[in-house]
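Scrolling down, you'll hit the structures one after another.
Each of the next two complexes has subunit A plus one other chain: subunit B in the first, subunit C in the second.
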Partner chain A sequence: MRFFKFYLPISLAFAMAILGITSVFVPHHYSDNFQKETVVWFRVLGGVTMFIGAYSLLKVHFNRIRRQQKGWGYSALLYAFFITVITCAIVNYDTATGKSKGPLEARNMATKDGVNWIFNAIQRPASATQYSLLGFFICSAAYRTFRAKTVEAAVLLVAALIVMLGQVPLSATISGAIPWMSNWLLNWPNMAVKRAILFGICVGSVGTSLRVMFGIERSYMGGD
Partner chain B sequence: MNRHPGFIAALSLVLMLPAARSWADPSAPADAKPLPGTTYDLSAESLTGLGLQAMDKPNDNGTGIMLTWPRQGWEAPNALYQVLMGDDLAERLDALVDLKVIDAARRDELLGQLGAGPGQKRLFWVQETLASERPKEGSAVAPPMPLRSDYPAVFGFKKENDGYHAIEMIKFKRDDLVLHIDRETNDETRKLVKEVEARGLVNQIVPLGEGETTKVDLKQFSDAPKHDRTYYFALQRVEAGVVTGRSEIASAVPKDNWFAWHKLNLLIAMFVLGIIIMAFAWIARRNPTGLFIRRIGGLEAVDEALGRAAEMGKPVFFCHGPGDLSAVVTISAINLLGKIAERVGEYGIRMKVTCLDYLVMQVSQEMVRDAYTRVGRPDAYNDDDVFFVTGDTFAYSAAVSGMMMREKAGTAFFFGRFGSESLLLSETGAVTKAIQIAGTDSFNQIPFFITTCDYTLIAEEMYAASAYLSREPRLVGAVKGQDVVKAIMMTIIVVGAVLVTFGFMGFAHLFWPLTN
Partner chain C sequence: MKLESIFDVDRRFVFVGIFLALLIPMLVPYPLPCKPNKDVENMYIGIDDAISRGKKIFLSFEYDPTGAAEQEPMARAVMRHIFSRGGKAVIMCKSGGQQGQEMHQQLLADCAQEYGRSYGADYCYLPYKPGSTNLVINLGQSLRSTWPQDVGGTDLADLEVTRDVQRLADFGYVMIICSSLTTVVDWLTYGQGPYNLNMGFGVLGNVTPDVANYTNSGQIKGLLGGLIGAAQYEQILLDKGINLMRRFSPADLASAHMVSFCSRLSDPEADGLGRYVWDALSPATQAAVRDVIKEGYDNLNAAAKTDIAAALNRVIMRTDVIPDAELSKAKPGHQVASLLDGQLKERAPQILRRLIVEKEFGKALVAAQSAGQAMTWMTPQSIAHVVLIVAILFGNACYLYDRARRKKHSQI
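Here is the complex of A and B:
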């Protein structure tokens, strides 16, 4: 049992890490083929787990409806849409030709069918609405942060004002220095900090990968 | 001297062969005049010494050929180089690509008009672009011809590299394509077919059946050189639309390579850094008390945040970002989930783990189940609490925000790779007055988390979180090793910056791709 819980996952992680690193340094087409093959395997695994994901989602919402938990109506709506979209995809009815092509026929984004209609008329506007909320959320978050209660907050407020002003054409008419200062803030202090963070991310990634590769980090196996 | 009649007959046949061949091939008249962008008869032209050299591109997978030739005195903005290519020594080579010569100042001016900075690599359109996609006169950037100095991994850092042009042939048009297309579909398709026909990109165009359509990307009409096959190249100069000179034929065979020698410095650096990190892990194992790791506020606050949720009887939300398992930060987030789940199990709180990826959900379920079992609370685990929400980020943020609002989250953790949903989620959490702890390596989202969350783990702190919470000596040692590596790299950067400032480039070149 310890073999399956401990030795096998560590050996697999180590072997795949070595193969992955090797493929960076071996440009041979065998190496290319290996990389392409692993991508396919990853997709296959993803495809299998998609069913598990869908099962998990449906199970969670089924239990909510059964127990009539708070907000169970949303779960019912999810079921309604799930069934509708699946049905549209199976029927695969193309309104342009007036024919039903069935579930095995390929469909694409240009086809005038139910799935595309739901996507274009419901999902896309809903996503755009959700995205547009960001504008308001940025305002409320900025209001909380930019209150100049401390020296740091005051510096942040001034820097933010300069950068924001520098992004609009009006700033150049006020003073040519504003766009210049905005660009300076973005290109120098901001870029320096970004690179420092990126630098830490890269070293941290290498460290974490090594810990996983050599079995030092085993939390992902349940911390054995 | 008597000759055998058979010998004379054979000699006559050999002498007649070229004439016979010319007669049999009506498409190759002896007086054919070469035109830019068309095939032509090489034997009918006199060769001029443009000094073309073809070579297998080193350190690749056998699909790249480098062409190089000295810069010519006649180069001017309106002059073209035209590269011709063939895959056998027949008498005809196909026009492959036109290369326009402009100077660097003009290049920067054109790029400036497009809003791009000088020196950007987008100029290397030759590598990715077919002759059919070449920039149209006055409508797009005509690139300056690349030089050998643009390929330091192949030609090194010699000063004379600026005196030679160099291009990398990794794609060219295919000659065996049949395009299946519906000519009547729409204007765009008809335009495309016209262009494909005009450029002679395919041998045959076959209309599809009624109602069938297809989308065609011109880039698909290209192919890479095959390894171990000989390719022949010629170069000609075209001035004002007239061919005024041509090189001799050069050939190269793309070869597979078993080791990328230009990455040798990378391999050595990787070994050295790996050894340092592992050495510190080993030292920590032998001397577990001797290592100090600085205090990380966000991780110190985990217990406080969970305790508050326990006191208020509110659920804890652990939200994964949209990153999949190929991202190291997702693995760190999952490791962190295990540690947090242990505490959650001990405190007897309910934790909901929301996932955007099926594989992440699977691993998270295992992590939480094992964590609850480790602290003696296997009964607390419920499959429904670790669930897949959706694969769409905005739908995810809407669903999770709704749950947080309805169930009044007491504590929210946002760990992993995040995009624009970071602010949507954390601002909702702020509205519910939840204690929020976030950690991500997506540095564009870090400001949003800092603004809206109580604590934020910035990038590398995420990677150290597992070691910090478990205090396992080898993990702490490895984190310490990372810090030493960072100190070494910072020293190298400072020393390198000083040396480069004073014009000593040799040290900096050690960290560039090496040449053979």
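Here is the complex of A and C:
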């Protein structure tokens, strides 16, 4: 059993990692074919995980409804919409022709059917509204928290105000120096810090990949 | 009473303040000029250069309604640029854009109508396909094995625009409109790096500082960052007269004036231009126009708008409705006149006819040389930024005054 639970997954991970690295650096048609093939495998696996994701989501919300936990009504709503959208997609009813095309025929985005109606009338405006509201929360947070309590906070406040003003065309009308200062802050101090963080993340990724390759990091097998 | 308690004001007051700061300039649009930065100019030059070399442009629309306010103006501006120059483009939809496919196609159809381009010959749309990194790797190897068919189910080998392109490296410029840094890194790692592509990005404002890393390194040749990036691109189009070259599209029919427009269109007394347009409409469109007048409802269906735009375009493309002798009626402004004398000389008759049609129908038609969506929306954003900055400064002044007063009391 230890072979299937431990040695086989580790060997596969190691072999695939070596093949993956080699295929990038070796310009040979075998490498190209390997890459093409693995990319298809990734997509197939991605499709399978959609089912697992849907199952997991429904299970979590089913338990929430059964136990009548706080906010279980939202879970019921999720079920209602899930069933409605799936039903509309399976029935595939075209209001223009008055015919049901069934689940096997591809849906056209221009068709006036249930899925398109739900998408255009509910999902599109709802997701746009949700994102728009973020702006108001950010403004409120900025107003309430930007206080020059210390020298460092004052420096941060001044930098933030310059960048905030530099991001709109009105700043150039006031003074050409404002967009210039804003760009300087973004392209020099800000960029330097971001690059340092990015390098750190990249080195960390290499370290984690090596740990997976050599079987030191085994959490993907369900262990610690 | 402590003045600094102004910071503890109910957040709903802040919301109302910002809402008003956005709403008032929206009701009275006043577009401000935007000076394009180097990254925006680089994108314009990159696309222009690719088209002049006879290369095609590859675009990935990875935005949906969530980011559409910032990213749709980018897509529109870039497509107008490509079509105005006679360029050809292949547009795909990848993860992040699956909810926006209908918007993408409507935008492409509008822009194509504006410049008289056609699907299949000048552009095509490849529908959403799952997979992010893998798709980029696949595209680098083979376009047709990744997307054998376009959105309408036609084989890519049968479309004129995709006939002679095999992979990403065959395109002159690649532009990605996306909303996350991960996507940018994917495209750079598996697309730009291995094939040394000319690649530009259009990203949301909050991602721009992260993406700017790669413009400095030279990996990204052109960046539109947020709404301001789109506005700057629109400014270039205005300066170069690309907007003037537009024919009419459904987007040019202003909803706010639809009733007066329809009344003018269906006027039985009308002669000349008005009569010609009315007669050119299909019976279904004429019925829709009459419904608008009857119901007083400020909207027309998309098919009717397309039909009206096509009828208006027939007017500006023909010489018998508005003869050459009447072109002096257009009376273009100083900036337009100088463009017509210079780089737009060959297209001057068509542009002058459009100006005459715009005059005929007044505010119901969006003027060709009017500022774009992003430029118009930047003004409310500017006002909101200024209001917020003033509020923060005022709050801090109150805080510092209180602190000084406390210090003085403690010394006493």
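In the analysis below, the second predicted complex is superposed on the first by the 213 of 224 C-alpha atoms of A that agree within 3 Å, B and C clash if a C-alpha of one lies under 4 Å from a C-alpha of the other, contacts with A are read in each partner's own complex, and residues count from 1 in each chain.
What we mean here is this: contacts are C-beta pairs under 8 Å (C-beta built on N, C-alpha and C of every residue); 3 or more make two chains touch, one makes a residue touch a chain.
It should be emphasised that the depicted structure is a prediction, and the values quoted were computed from it without experimental measurement.
**Student:** Scan A:Asn183 for contacts with subunit B and subunit C and give back first, second, both or neither.
**Tutor:** In the superposed model, A:Asn183 contacts subunit C only, not subunit B.
**Student:** Determine, under the contact definition given at the top, whether A:Arg144 touches first (subunit B), second (subunit C), both, or neither.
**Tutor:** After superposing on A, A:Arg144 lies in contact with both subunit B and subunit C.
**Student:** What's your read, subunit B or subunit C touching more residues of subunit A?
**Tutor:** Per-residue touch count on subunit A favours B.
**Student:** With the two structures laid over each other on chain A, which partner does A:Tyr131 touch: subunit B (first), subunit C (second), both, or neither?
**Tutor:** both
**Student:** Output check: A:Thr208 vs subunit B and subunit C. Expected answer is one of first, second, both, neither. What do you get?
**Tutor:** Only subunit B; A:Thr208 stays clear of subunit C.
**Student:** Name the contact category of A:Val39: first (subunit B only), second (subunit C only), both, or neither.
**Tutor:** second
**Student:** Once the shared chain is lined up, is A:Gly98 touching subunit B (first), subunit C (second), both, or neither of them?
**Tutor:** In the superposed model, A:Gly98 contacts neither subunit B nor subunit C.
**Student:** Indicate the residue numbers of subunit A shared between its subunit B interface and its subunit C interface, in ascending order.
**Tutor:** Shared contact residues on subunit A: 32, 42, 46, 110, 123, 127, 130-131, 140, 142, 144, 194, 198.
**Student:** For the complex, give me every residue of subunit B touching subunit A.
**Tutor:** Listed in rising order, the residues of subunit B that touch subunit A are 59-63, 211, 213, 215, 227, 256-260, 263, 266-267, 270, 273-274, 277-278, 281, 326, 328-329, 331-332, 334-335, 338-339, 355, 358-359, 361-363, 366-367, 370-371, 374, 383-384, 387-390, 392, 394-395, 397-398, 402-403, 406-407, 420, 423-424, 427, 441, 443, 446, 448, 451-452, 458-460, 462-464, 466, 470, 474-475, 478-479, 481-482, 485-486, 489.
**Student:** Under the stated contact criterion, what part of subunit C meets subunit A in this complex?
**Tutor:** 7-8, 11, 14-15, 18-19, 32-35, 37, 64-69, 99, 101-102, 105, 127, 130-131, 133-134, 137-138, 141, 145, 151, 153, 205, 209-210, 212-213, 216, 226, 228, 231, 378-379, 381-386, 388-389, 391-393, 395-396, 399-400
**Student:** So in the complex, the part of subunit A that touches subunit C is made up of which residues?
**Tutor:** Contacts found on subunit A: 32, 35-36, 39, 42-43, 46-47, 106, 109-110, 116, 119-120, 123-125, 127-128, 130-132, 135-136, 139-140, 142-144, 146-149, 157, 161, 164-165, 167-170, 172-173, 179, 183, 186-187, 190-191, 194-195, 198.
**Student:** Going by the contact rule at the top, pick out the subunit A residues touching subunit B in the complex.
**Tutor:** On the subunit A side, the touching residues are 21, 24-29, 31-32, 42, 45-46, 49-50, 52-54, 56-57, 59-60, 63, 70-71, 74, 96-97, 110, 123, 126-127, 130-131, 133-134, 137-138, 140-142, 144-145, 194, 197-201, 203-212, 214, 216-217, 219-220, 222-223.
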